[in-house]
């Protein structure tokens, strides 16, 4: 595996993005995009096999910048973590690409859709494989751009455009943190390389103090802010539910499997910094709080995709808890992997359902899908079970590992996580009852989706169920997790929570007239705990105040410029009229010229061209000559 | 007839020649007058030679002959010029020939 | 010889030879073809010598004249004023008026016969068309007059010349013309004689017929046709 | 005696000729008056015993220069003086004054110094003597004169020739 | 005073009357010879009135012409230049008259004792001769100009151009003889020819031919009579002259012919020399006149044969043929006189001169060629 082949993995989708940029024919664009991603998937698997057997390798690519002493070289890093992530991204991406060829078939701008998807895949892969913080940051930005383009794909819908902008700005805040962290790290250590044969960022001890806080603590804190922005942790999570405006495959790809995982991956990748900085408890608690709040809000939602969005936020919170609580990043990453598959499944299922119900999103207008769309329903249920962490599904193994880690580290946090897991089970069953049970409440009868959409669902379903059991142990060991015994109370609580939540949900919702108001959907929950209004009130007003200030400043500067110009003109006038005019023109130049002119005119009168006149002067001359000679002689 | 008679005569002829040169407007008349001047001079040469100290030196006639030859050449070239001027300026009036510029 | 100036010398030689031989060459002298005018100062026009070496020869002809036989001009005049020549003359320089006797009867003679010599171009057409040989060409050339206006308009009396004069200036032509006239006269007389004889005969026949008619008067009226023979 | 009369006749003819030449409106009359003046002068030369010069004067001036001026007149305008334009140039009065002043000034020395010595015996100037003098003493001026005359001849022809009237076109060989 | 006048008259009158009568005779002679050349008789009809003599071979014809001229009305154009119109014939008559007195009518060495017929034995006779004949050009111009007639002016200008052009070869060929004779005095020249007439020397013959041709042109005779030829510009400069002024012109022309041929005789044909002069000195005058008439006969003879020359040919002939030839002749004569070996000078001189003549004529073949005219396109 050489550097160039490794570099090919992100470059292929980038190339595909460039090719499809100009295309008009959707089908051909899709083929190009899928082909490219399939190639990079194979390469990723080859890289995984190498990483699985060999040890970590660093592949330097090229010098990005060499100014004075500092040299910034780009390099890629191949180790278990990056290989796993690369293969997961390419595999899930491939399935979603195939799904979206059907979903987006009759959209006029289908080609551009695939271009954006390829761009997103390239960015993601670049991020995952990079060994240089700057390269990571650049890919991070490409992913952000791709998400903005994809969310606002149907830009003719004002809500989609607004959602795109909202997502972009909020993640931009996070990125700011990442950039500052990057800069601080660079100033402190002089290099941006994560692993540079000993001289890397992670290998050096950034012990010096900056602003009274350890460098590592500061950098890790800033990096966590970036991660929180991208993964939608509490203060910066508001953009994720609105991102549902984009087409369903987008939500699936970005908001389920990959993009949101980027934040978690970043924390995992730079885990030693966090450890050194001691910010792990902060990470954990942020994750826990996010999980609780998201779960609560999910209960109050009636849009099928929005419920799933909030469940993603809460699961990410759990991942952060996994990272913060455990001694290695493995636990969180493991939950990330499993979550990627069943959450992608759920999203695709939701897409297929809404596709079947003619783009109906509101669960209150659904119902009776089980009978109309059997394959989708089956696949969907497998995903639901995994989400709920039904015993022996992939979700159960990964969430259990997280709970074990938390149990050991921080007891109250354990109880918080358990309660949020309970809520998770509750809103899942609520959703299933609304969607599948009873009679169809929508206007049109739903119909089963075509094969190109149901086949990926089935594949994902298989993975959602089997992933945990088969690979669980090997995956954790690979990622560096020490296999501790599972204490009994943890196992008990997880079983109880899962089954109890389901039972509770079934009790509340089965048999009810689903058209009546939902008892659990309390008003604050429906209004998403007014986060948006809160932000608007604070940041919005602050921002408009700032712009007003800027306008004021600008007018002051213009006035100043006006004044200066006026002054310059006045002085110029003065000089030109008085000094130049009178002194030089009159006296020295024109005056002199006039003197010469008059002199010349006087002389000219003599040369009149009057020939007889000339002759007379000649004769006069001789006359005077004669007289003179005569005078001489006498 | 004494030398003074001839000198007076040639002076008169000189005056008449000058009159022609200085007052007439027509170039050709000016050329005539110049011829008169030439002849007046010749007359003086011969007169001085005739009444001069040593006539055998033949200075007078020799000078007169040369003067006549030169005068003939002068007339030839002068009139050629006049013709060229006339062809160019379409006039022989001295007062109009007041410019060297191409008319 | 292509010598320079040789051409000029050759030319001059020719003229010199011509000059010299014009004096000495016997035959050359004879055909010094420019003839002198046959002109004797003061000699009357009549006595015009028809000499060979003069310009006036038997064939020379200048202006037309009228002929008359015998001595009396008006008596023997041949012209009968038939005006043919007047019509035929190209420049129309002939003017004729017939002569009438007291009773107004046309007598075969021109009262006026004028020829304007200044117009006549001596083409001799009048001579050819004249049926009575009354007009012929004269060789007299001394006709210059001082009077510019009427001088050259010759009247009948000036034109009339005797046939004998004609014989003198143009002998052969005159003789030929007289012979022809005589011959014509003879033929005419013969014809006349024949005509008279025929008339006489007819008269006798008519007389005999009248006599026969008186004898047979008592017969019924015979057809008159056969009467006139 | 005869000589005095001849002198006065010739000089009056000369002066009259010159005056007429200068003052006539009709240039042709002017030229003929000028020729008369030249002839009178040649007569004066004969009286001054320079008969060779007199003959040359007649040959050159009366014969050639006169004809040349006639040709010049033929080629220019207002020859017969029938136009009524004024005769003199502007400011002719000054010209007149100068024309009178210069002779007077030039005559001052001889008139003031009185009568020159009595003329010696009449000098003999035959063609033979002149010829020999020319060839021996004045041979350089003679050659220079030859050059001058040739130059003048060619120059005059070149100047007066003017543009080619009938350039050697297709139908006239160059 | 009167004595000198009488002397002058004594000389002038015989000359004037003699040559005037010769003039009449020459006109008769010319018409007769021309006639004979053209196979005709010539004037022979005029007879003296009231006398017996009939026709006298036309001898009375000139008298008749003179009378006719007197009788003819003398017309002067309305806007002609009256003064000049009158002056021209006089000016054309005076110079030949004056020149005649220069001619050495009799042999000086033979008739020493007798009264010299030569009017003025001037030292530079030949120079004066040419000076005075050049006045003739003036007369021609005056005639042409005074008659205010375009054709006569043109004819006059042509005549002037011709006479001016031919004056140079004339003078140059005379210069050869002056060089040979060592002086310009007519008698001296005749004296120099006592041994051998100059015509019998190569350069002399060439000079004589050039002189003769140039004199033809100078007097507007025969091949060079373009200015007054009837067929050319009407009658040249004396178109507007009629009556006696016209006769004066003819008189002037014939006197000029006498003068020029007289000069030719003195220069080349040894003046009055001839057989039996020693015995009867008076005979020299007869010989002189005889030679003059011989030349005149040749002139008339030429008039009878040669066609008239065109203007450009005429001018070309003068400037491009005669002038160079005469200059060359000057050199040849100088060389011959220096060597003074007649047996050598004849072949060489003749060869050189004839060769030059041929070369010159061949190089100017274009001039003689028929002229190509460029018509306005």
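Labels for the chains are A, B, C, D and E, by order of writing; each one numbers its residues from 1.
Quick note on the criterion: a contact is a pair of C-beta atoms (placed from the backbone, for glycine too) under 8 Å apart; a residue touches a chain by one contact, two chains touch by 3 or more.
Quick caveat, the model's predicted, so the values are computed rather than measured.
> Quick check on the contact network: minimum steps from chain C to chain E?
Minimum step count, chain C to chain E: 1.
> Work out which chains are contact partners of both chain D and chain E.
Both chain D and chain E are touched by no common chain, going by the contact rule given at the top.
> State the chain with the largest centre-to-centre distance from chain A, centres being mean CA positions.
Following the centroid criterion, the farthest chain would be C.
> Kindly indicate the chain pair that has more C-beta pairs in contact than all others.
The chain pair with the largest number of C-beta contacts is B-D.
> Can you check how far apart chain A and chain C are, centre to centre, with Cα atoms defining each centre and the answer in Å?
150
> Using Cα averages as centroids, what's the distance between chain A and chain E in whole Å?
132
> Could you grab the centroid distance between chain B and chain D? Build each centroid from C-alpha atoms only and quote it in angstrom.
6
> I'd like the Å distance between the centres of chain B and chain E, where a centre is the mean of that chain's Cα atoms.
Measuring from centre to centre gives 34 Å for this pair.
> Which positions in chain D touch two or more other chains at once?
Correct list: 52, 56, 64, 71, 89-90, 92, 94-95, 98-99, 102, 106.
> Return the residues of chain B touching two or more other chains; collapse runs of consecutive numbers into ranges.
Only 18, 21-23, 25, 94-95 qualify.
> Quick check: what residues of chain A touch more than one other chain, meaning two or more?
Only 610, 612, 615-616, 619 qualify.
> Which pairs of chains touch one another in this structure?
Touching chain pairs, listed by label, come out as A-B, A-D, B-D, C-E, D-E.
> In the complex formed with chain A, which residues of chain D make contact?
Of all residues in chain D, those touching chain A are 89-92, 94-95, 98-99, 101-102, 105-106, 108-109.
> Quick check on the complex: what are the chain D residues that touch chain E?
Against chain E, the touching part of chain D is residues 2, 28-29, 32, 35, 51-52, 55-56, 58-59, 62-64, 66-67, 70-71, 74, 126-128, 166, 169, 171-173.
> If you look only at chain E, which of its residues touch chain C in the complex?
33, 36-41, 44, 47, 301-302, 304-306, 354, 357-358, 361
> In their complex, what parts of chain A are in touch with chain D?
So the residues of chain A in touch with chain D come to 610, 612-613, 615-616, 619-620, 622-623, 626-627, 630, 633.
> Can you name the residues of chain A that touch chain B in the complex?
Counting only chain A, the residues touching chain B are 608-612, 615-616, 619.
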